[in-house]
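What follows is a group of structures, each given as structure tokens.
Each of the next two complexes has subunit A plus one more chain, namely subunit B in the first and subunit C in the second.
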Partner chain A sequence: MTQVAGRLGIARVPAALRRGGDRPPGEPGRVGYAYLLPAVLLVGAFTLAPLLHSVWLSFFEWDGITAGRWVGLANYGDLLSDRDQRVAFAHALVLVLFYSVLPVLIGLLLAGAVARTRVRGLTLFRVLIFLPQVVAMVVVAVMWRMIYDPNDGPLNATLRAVGLDGLAKSWLGDFGVALPAVGLIGTWVMYGLAMVLLTAGVQKIPRSLFDAARVDGAGPLREFFAVTLPALRGEVAVALTLTTISALRNFDLVYVTTKGGPGDATSVPAYQVYERAFSTGEVGAASAIGLTLAAIIFLLTFAITRLSERGAAR
Partner chain B sequence: MKRTRLLGPLVAVGIASLAIGCGTPGDDGDDAADEKPTTAAQTRPDVSKAGNVTLTVWDQEVRGGQAAQIKELNEQFQAKYPNVKIKRVAKSFEDLNTTLKLAVSGPKAPDVVQANQGLGVMGQLVKAKLLRPVDDYAKAFGWADRYPSLLLDLNRFEPGGTTFGSGDLYGLSQMGEIVGVFYNKKKVPQAPKTFAEFEAALEKAKQSGDVPIQFGNLDKWPGIHEYETVLAQTADKESVRDFVFQKGGASFDAPEFQAAAERLQEWADKGYFTKDFNGTGYDPAWQRFAKGRGHFLIAGTWLVADLADQMGDDVGFFVLPSDEGDPVALGGEGLPFTITAKSEHPDVAAAYIDFLTDENAASVLTQTNNLPAMKLDTPEPQGALLADVFAAWKALGEADGLLPYADYTTPTFGDDLGGAIQQMLAGKQTPEEFTSGVQEKVAASK
Partner chain C sequence: MTSRREQTLTYALLGAFSLLALMPIAGIVLTALQEPGGGASFGEINGVHPGNLRRAWEDGNFGDYLASSAIVAAAVVAIATTVSILAGYAFGLMRFRGSQVLFYAFLLGLMIPTEAMIVPLYYDLRDLALTDTYWALILPQAGTSIAFGTFWMRAFFRTVPRSLVEAARIDGASSWLTLWRVLLPLARPAVLTMVVLIFMWTWNEFLLALVMVTDEGLRTAPLGLSFFLGRNQADLTLLAAGAVIVATPVVVLYAFLQRHFIRGMVSGAVKG
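And now, the complex of A and B:
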């Protein structure tokens, strides 16, 4: 550097270079943070500020218009003491099974099958199975409301036509069945996403691994657990993360299909947030529920990432 | 190392934004809340002398006949007063309810808004002093003679916005609404005259293998209408009104409220409702009735246009009489047009509201197949169904037989009661558990 400077006839070495001796050349100085500024401002204004503002609001009892009243942590206390809210969170966790676990299992099954054979027209299948992801959730919900109609809906009509009258149910109106019925809609929407992620992952596994497994005499099951599953760890983590987030955030589906009913059999936290913030004037409580939900989502996705990373290290 | 370095600016931004958020929410310093409403009007204001005025109006008259009448009346008003320009913002009911509070409390508040009755929307606006009481205009224009007293009471609030049904008047509604019984004239040639006759007709319908009452309760709220229709039979109308307006600590956990639940459970057990009603949507249920399936449908007059369209003269409407023989039914009126406290033209706004509810408006409403709430003479309605509805409205008005919607009781009551009725009808709760559970919710929301 000094050589270059000398040759060009620049006597003085820039001050910054002399002082920052411990920094390798090319490493940005403090001025580098200036480049971050636009992004930080955007994120700050549209993500962090609203987030922190709702933290602030969650300490108040506030109807949205008149002056609020400071209640400290009471809104969070209600989360534990109020049965309605506990129930809603429990429902959200049940929905994770349907939105996340089930689709990933189905996706794995399909991926395992694809791994063993070359499927002709794979792209076509992929498009068809992925289709539910593309359709707006409200449309999906309206469609399934029709499918589930106990009297004229095609689901019950089919069951009765094949003589399974006993299985025909009031899908969204029965207290025991409504939540799984809503959950299954989620499964239908999500399994396409899981499958596309996982089959794409399978195609990137070197064929030589499968060949080696077969030479060693591994059956389809052994091959799946020894080769396919470990190689898909990353994809499984991504699929689980994405689907868990949508399971916990689920609002539109419940809002359109059941409004949380019958009774409160399908009430979920996101629906409670909407109700409280927009119709019943409990903005503080709504913020507290929303933030708790965000914290749970964060913890769960963190746990999923951690588990998959630890598995990879082993 | 890298993480901690990033943390610095993040924390800084965080603290900065927390500082923005600080301060008690809703307490914005400029206290519109303490300003007295503008000077009281003594006489009918003269709009033609008001100069050039743009009146911003937020309404939810977006469906069929509703849209037609407001368009017509707005045009007539602007023709009558060329110095006034109406800037109309039309929103759906849900949309209006969720955005109204922000709009009215903001710096560019509209002049006239439709604010839903009850504690949820109107109560909060009154509490924040964002609406202007209109008692002075009511006197100047003579509005008290125009309406049955309950219909004005529904738009009244005590100062503070926590008690309604009495106190200051805040607005006027255009349209009346009744929840009554629609019947298929092909199957029920003569409308039942008493409750006993009605139940006998239900049994007969059941025997014939048809659905006695088409009922879809998936949307949670429709059950409230079946419940209050029966409640009108088991309870005295004053006790229902006292409960809804929460007068003198009136409780839901009372024998007459249990009796209505018992009767409904009995109907559900006997199969008088659509099978699996809790899983059936409201729209599919009334659409089935419109296609000729089912004898009766308990629903509001908002379905009149659709049902008349599809069933022609095969559909009729009646209201069940009470034991004393007077008609009594769940009902009320559309959202009232109110004046915002921040409006700079309250006189013009009041004249506009007067124009929307006067005799000419009543005719326009009738011609566009709406039911005017005002007790004014109107031309003959078109069609047999609408004639039934007009007759029922007139009889209810004369007998003072309207029961207010129970969802007015507390901000969360629509959801609370709707959910409880779903459970009660599914046999998950006894009538006693139902009324005590509902009362607990009422007490908890205070």
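And now, the complex of A and C:
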């Protein structure tokens, strides 16, 4: 389990440090170390030490049992040359479309609509739309396996009922469809998060901006692109960051719905880490994949936050 | 003012997406209540048979799985909350050498995904003979939760008015008393949000449990459900009942404390 702070961590820290004089008040002296000690021990032992150990392991070819063999950077070279690993990372990119881009578009649609009218009961809508976010991913996966069931799942039943028998298929078992089918589950989970973030942002936009746009005779579309969207830049960045991280880290959903199959049609990096470390005895390669995934997540978080900061400063 | 038609469209959009979010969840609840072996398919209404839940609870061992999850979640929440309050207090309101370096170390700990440390974590804990114990689930999740909680509490302590802390010090209160008597009553909402998030993440965690635990007696609820799925593919109602049992504790908590869930998760904290 890891929590990544978009706004909380990355976005705020550099700003706080840049201010330089941002010294906390009060209580000088060494007593601070005593308060920190338990946290340092636990975070050090169970997140930072494994991270370093992971770097070390990634330089070896090791099956987890016999003595390992030093291979230098070969495991990282395999990330590019090994077809299975390239495929897994490519699938992760496709999933970003479903986990991140699609939900943010839905969120923008809803936020744009909410921006123009006073909505009564918005809190209730928000609570309902956010609900999938709190359901365990394993439960979500079990639920959607039933929905996608080729024989008597409600999706195929509905398609057959409206005469679209040709579209009914084995959603999670079809080579061409399995990855988008898994991706759409991600869309279902994530659009609530995007919607809540973006509607919260909309409520911070000064009403006068909308009034001014209307005096200028802007229609709904012009108003959206001239007022709402630019004002939501920061929220869009946060939503993209959080959902992209979830897309890249997707493990539970793939493990329970498809186990990476059919073939390797839904294989993703996190699944490769698990498979290689705990079934096929490629511990070094698994470590290298996990670290690469972490590096990509760091860079993306950083890049998206920087981009939105620069946009906001303009 | 916007037109009536536009207002209707807004409600229609919000309604449609609420319904889309709700339908699969309502579907699995209805399925869990169907007549056992009644041949109804997912989401169909076929009577109300709470007996399925009891069957899953007893025969499917979900009672045991929930007990394991409760033990792990309670331990992680208790450890992480206490330790995070202390560390957040130090980072937020105290001045000491090396605080920036330490702060960056915590930031790193916060951003490492489980996937990047699960492999060495398994071998390290195995060497310590801790795999297949609750400790293998509690300690790593306490570590990541503390990395988050420290940031969370630090952000809160930074908002405390300086004058309040100074007044307490002038009155002769030690840093320890200031924290528990003066600051913590103010921190209650922030602490509650943190507790709710850590509880949810711990309850829903899957990969760590999958890797660390082989003993059935230690399986947490999501892990138990994934094994249950392997054994009971064909029994739709029983499987749905198991899934409902696993999701219920967090969903009930969400029903009461949704503002804390939403506030916490949109403020940038995420568990993938």
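Structure notes:
Throughout what follows, the second predicted complex is superposed on the first by the 270 of 314 C-alpha atoms of A that agree within 3 Å, B and C clash if a C-alpha of one lies under 4 Å from a C-alpha of the other, contacts with A are read in each partner's own complex, and residues count from 1 in each chain.
In this section, contacts are C-beta pairs under 8 Å (C-beta built on N, C-alpha and C of every residue); 3 or more make two chains touch, one makes a residue touch a chain.
These figures come from a predicted structure and were not determined experimentally.
Within the superposed three-chain model, A:Val119 lies in touch with subunit C and out of touch with subunit B [touch as defined at top]. In the superposition on chain A, A:Leu36 makes contact with both subunit B and subunit C.
In the superposition on chain A, A:Leu93 makes contact with neither subunit B nor subunit C.
In the superposition on chain A, A:Lys259 contacts subunit B only, with no contact to subunit C. In the superposition on chain A, A:Leu299 makes contact with neither subunit B nor subunit C. Once the two complexes are laid over each other on the shared chain, residue contacts for A:Gly64 go to subunit B and to subunit C alike.
Look at A:Leu164: by the touch rule set out above, it reaches neither subunit B nor subunit C. Looking at the shared chain after the overlay, A:Thr280 reaches subunit B, while subunit C stays out of its contact range.
In the superposed pair of complexes, A:Ile129 makes contact with subunit C only, with no contact to subunit B.
Put subunit B and subunit C next to each other and count what each touches on subunit A; the higher total goes to C. The contact surfaces that subunit B and subunit C form on subunit A in the two complexes overlap at residues 33, 36, 40, 43-45, 48-49, 53, 56-57, 64, 145-146, 149, 152, 278, 283. Taken together, the subunit A residues at the contact with subunit B in this complex read 33, 36, 40, 43-45, 48-49, 52-53, 55-57, 60, 62-68, 70, 145-146, 148-152, 169-175, 178, 257-264, 275, 278-281, 283. Subunit A makes touch with subunit C in their complex at residues 1-13, 17, 23-33, 35-36, 38-40, 42-51, 53-54, 56-57, 64, 106, 109-110, 113-114, 116-117, 119, 122, 125-139, 142-147, 149, 152-154, 157, 188, 191-193, 195-197, 200, 220, 238, 242, 245-246, 248-252, 255-256, 269-270, 273-274, 277-278, 283, 286-287, 289-291, 293-294, 297-298, 301. By the touch criterion given at the top, residues 2, 6-7, 9-11, 13-15, 17-18, 20-22, 24-25, 27-28, 31, 41-43, 79, 83-84, 86-87, 89-96, 99-100, 102-103, 105-124, 139-148, 150-152, 155, 158, 162, 165-166, 169, 175, 197, 200-208, 210-211, 221-223, 225-226, 229, 236, 239-240, 242-243, 246-247, 250-251, 254, 258, 261-262, 265-272 of subunit C touch subunit A in their complex. Interface residues of subunit B, counted against subunit A in their complex, comprise 9-10, 13-14, 16-18, 20-22, 24-27, 33, 97-98, 101-102, 105, 120, 124-125, 127-128, 130, 217-220, 274-281, 284, 288, 411-412, 415, 418-420, 422-423, 426, 428.
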